[in-house]
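Mind looking over this structure? Questions follow.
For clarity, chains are labelled A, B, C, D, E and F in written order, and residue numbers in each chain start from 1.
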């Protein structure tokens, strides 16, 4: 007596009805309460689902259709407003379960801090884990305004957790001097400004390793993603981001989970960013699951 | 493994998890394909659910809380795009089932034509049915541009079906000369421009009768509901509409179902209309169910 | 080989194709170059025409249909950008011709200064002319920043031209102290804040006189007309403005021309103001022409 | 070498250049970090200043000009992002200084919690203090999601601090059942839905007392103030709010400070709310300072 | 007594006043009623005309001025709302007449289905016709949701009509697997993702042939054309589209007509897409007429 | 008692408090009254300041932090509305003083005409001055609609003042035939369409010379800068503009002042353009001052 395949955007288009035999699990992490400048990403997952009904089910890039991958849309994790620590704990619990079930997690943010507990969960299961991180920002702060739980800190946290040498950042064009310095000192890889070319150079060295990929939508230029909290000129095009997703798909790395964060509908006047996000998610599903 | 109480707007706030013991059923009818001027109401139900998380659960008007009424959110009825007849059939089937289960249907449009199959279903169950209709428009056309399935026709259809004398329209400020003439000729009640005062006069005469209430959000002035397809100056305030809902709640009529239609998010730049709609639905649930 | 009745908004809905046997002439005055704060009204006339296709052709207020009045839409007067004096001269020439042909001019602004040459032309033809002025602002300045051709001056100009005692302003809620003082000193009527009630009191005293009515859309509260250059809280509702138009229609004055000015589409996000303006124009046509 | 009277909106129009001989002090409290649903009010003060350049300097309501009151615009208090307690301390320090200097504070929010430290400072100076509170919401929670520093709590805090009998709320239409109950139990005045009429009844009983007035812009209907975090249908008009300000101005109470909070530019698409706020502040300055 | 050269956007800038001696005819096809996801393109032609007044009359690319080409703006073809078949018949009649007069048709959509009757008319006159098609979508469906008259079908229709080998699609990044397969099976050319480079390779093989060019504005990336119904990331830049128009202008093919479709003003918040469309039309007029 | 470092956007982030020991001076020129098509740039400077609080203080491009340059934000020059000549005189006076103090002026427009008096002042101090001009438009008109003070004329004015051979324009894609012709005849450099590559070729020839750089934000493609008066497709990316700023920073020319003009917030729906402008200003400050 409940309609789940409706036009209402309740679930990502073509989601599989059963959790049990799904290979991948889509879920939302509707948290934006550590965001300083322009919050709003907590509504990102639901708008991405809503516009996904306009998505073509076939990828002309990968010559594959959505029905070739079984993914279950678990909805949004219910997170307690204004309580970052409890929210992160809930996300980690959920991610632990997904990994325990042998499924591929595809998370939608929410602010970037939500990636931290998922990456931590991934590191528990995959000791040899590497991180690929595409973003405009380093996100390497130890704390922001005295607060260690901030959207400026997730990459620092995972880098300290699994070792900076296992973290590869691409497209970075903003950060504090200290953040870039810390990365350099500690052997963490940062490609400034570009994604595709440096990624192609790095991928062979990661062959065979389990890799979690976290994408902040603001790695795109504001022209391509106005609907996000911190717009920063000089980013890459959606064409380059799509090509980067496909480069990973064709590489020999083992993607074991991923997320796309920081879509904020309030600034997304023509719904351009949400539509782009839903297309990116289609390519991530078709290119990275079941590799 | 599915989160339904999330921040994502999957369901109307405080929805009861089980259909079985619910008194009322909320559902969406995401159809807008007979709309001539500015479509977009197919996204109304999902946006109303999304903003309902900002809603206070207590009504200071009725001194009642949402948890005092058990309602189940059934999601959106999956309707075949561009096929009005099939869509109406599906809605009628659904409404038949709700009435058969003895539950109170609260529908969210979608365009106004979606009310027609629900009213028809109501008439099957309640032979003595009356209709209360609040709207800027008569909706009494026989057809529009040659098409009998049009958003300009639902009140004509139900008036012919149960007899024009059983239909009471309020707040009407637009229509063709012929429509007003037809109503007058056939003894149908139309209160032009106003809702609250004429409604208070009519209600006693309907005491004890089963009544279905259909509200087109454009009965409100565009100042109060810019997010709708056909904005028409000179409407009532949201204060008057709330008072009208409360007048019905305090009357001796037997509301057996209702709907709120024509919320179109694309024109609702500040989400004002969706927020107003979610408040109206709270008052309808608290005031009309279990009377 | 030219389509004038298209969906494109080239002409106001139901315009008569021939100038010769039209009783009224609709025309645009797309000038906004003396506007200080937020220009944009030069695009008002074309947007009002565009949305007029969504207008019901029948007035439920006046029980009359648009086809009962013959009006020709002359398009926009081509005005030289940035040259107020030449623009005003061109408008005056055009108005002279309309009056010479014995037709009723209905002008769409543009900024309020465009009313001045039309009122001047009206005064040539009707020596006993009175002005009814509905506005948030006095518009009684002698000059603005040293410039006598300003959108703050048209009522002062016509008041000095035909005598302040012949000018009646309603709904005024903004102006300089000196402006209110000048009006008082010179016997000009100003009703502050309200329109309908004081208008009803004044109308009998104007019985039989030729009257030109000029309406600045900002007499409406910003809730009812956000799409204008100078929004000013505390205005009247569109319901009251409609009622005021109808009060004039039912009075014994002789409306000989009118205008509606200051609709600025760039601030009219949901097209609410343009839609309201097109409805007001319908009522002005049906209520004031052929009285 | 610094331009303060520029078109840039650096200061509220006609601000006095010197703090020393100013009677009133305007200041911003750009904090919105305890806001749950839609933050953004931290940008309110700067947008209100920006649009104030479009404001008429004369009040046709009070027959008074801005230059008749000397007010200094102190800018925004620099508040540490994400740190409510420290922010409130800074605001309290600032308010203490204003009161110590014998000046009238006029604060611009920011979320409503910013009123709490100013009211606390007022209570130190004026032992017999009463509060007049206009709002859609009770704001009487003890905590929100476990957090006592929340935008839902300021009126509870001041009510407990100076005694609930000294707090008078008007226009309230939303809140939890417990909040209304607490007010009733403790003798606090709440006028539901209306402002002007109940205010007129209460004012005589407050004659001669020092009163701080706090206005949440959402006491206005969303039609009149879409640019705020929590829109709630059924509110009062800007006309009624203006009349309420004037009723206080004409009463025998002694207004010793005031604020206007919760203007959030991101939802204020046509800048209607910011413009209305700047007009309200003009009337508060002219009507309440130097009484 | 009609002003056609006004600021009102009645006609495309610098249109020739006479149909008779015009070489090209601009016209609108304001139809969007088979559009599934986000309609609104019916208002495209009128907005493109409106913003064309901001267009420079000289092309720095082609070193040519608009006055060097005589084009007549015929307005919008009046199409019966909701009746696709009758609309298509009316468009075909109009196109037949333009071709019969030996003029060059430049159509503005409206949804892409409007191109089908024009291409059919072109095929009657030019037996050796080829089609150049720039689009994000294949538009090769046989039907959509059971309906053969859909905006997803026009290229399939013309391909079956003149033979798939005569149709050349560029920039395609979305479609069903079956559509790409059908094209491949039937020898139709599809260049995925790119336009300029593959176009330069194909053009020599079309030398001397009559070619109709149909451009869907969504061939542009959403960054360059947010104002369209179906935004799809990964498109080309406006720079590449301009260069593609110029490549055709410099080639040896014989362009005999063209169109630009799918501009939808409701999503075009800054009027960026309409402005871009008007510039593209200038280049099409200067580069393709009178070749 | 005045807060200048507040969140209110009163000053550009990290501005130095003292004029005396500042190396550079930021100032606004809030004039837009000669703009024909879409005014609004007068609000540009204040919005750029407001969003500058979201700016990272470190440049990953130049490996430099804002605190390494001492700049004072002088606010906006108070300009008399509607009086271009007096406004230009005031700007020139101001620029004269800045140059006399040996400081580096960084101006924010406002329309492009505001650059003319600053360039004139620069020419007084630096007899050997050259101009680098990045823009979509030639701005070489002698007058516009008969008016020599127009936003279409500043480059013509400075070219005639210091000799056309000393002016280098880049990125130009719009203008009248006569303007391009005049430039060619008089030996002025114009690079059409591109900026970075031709700039790199020119820079060596300017080594050692004092150069003023004026950037019209519309040199960017509308995808990268929708918030400007005259959007014109086919422009460069923000990545290319950043690279061009850096190319100048690394060259041997002596930048002695600069400006960034034509940011118009009303069209900048997601604040993307203002954010980009504030980043460009950071790079100009870090790359060009103290070279």
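Observations on the structure shown:
Keep this in mind: a contact is a pair of C-beta atoms (placed from the backbone, for glycine too) under 8 Å apart; a residue touches a chain by one contact, two chains touch by 3 or more.
Owing to the predicted nature of the structure, the values given are computational and were not obtained by experimental measurement.
Annotation of subunit A and subunit C: jointly contacted by B, D, E, F, touch as defined at the top.
Looking at subunit C and subunit F, the chains in contact with each of them are D, E.
Listed candidates were A-E, A-D or E-F; the one reproducing the C-F interface, defined as more than half of contact pairs identical by residue number, is A-D. For the pair subunit E and subunit F, the fraction of shared interface numbers is less than half, so the two copies use mostly different residues to meet.
Our note on geometry: subunit C versus subunit D, Cα centroid distance of 38 Å, whole angstroms. Chain centres here are Cα averages; for subunit A and subunit B they lie 40 Å apart.
With touch defined as above, residues shared between interfaces to two or more other chains in subunit A number as follows: 38, 81, 221, 223-224, 269.
Contact between chains, per the stated criterion, is found for A-B, A-D, A-E, A-F, B-C, B-D, B-E, C-D, C-E, C-F, D-F, E-F. Within the complex, the subunit F residues that touch subunit A are 53-54, 56-58, 60-61, 63, 65, 221, 223-224, 237-239, 242, 269-272, 275-276, 279-280. Interface of subunit D with subunit F (complex): residues 1-10, 19, 27-28, 30, 42-43, 45-46, 49-50, 72, 74-79, 81, 97.
Against subunit E, in their complex, subunit B makes its touches with residues 34, 36, 38-40, 80-83, 144-147, 266. Contact residues on subunit A toward subunit F in their complex (touch as defined above): 37-38, 137, 172-177, 180, 192-193, 221-224, 226-227, 230-235, 267-269.
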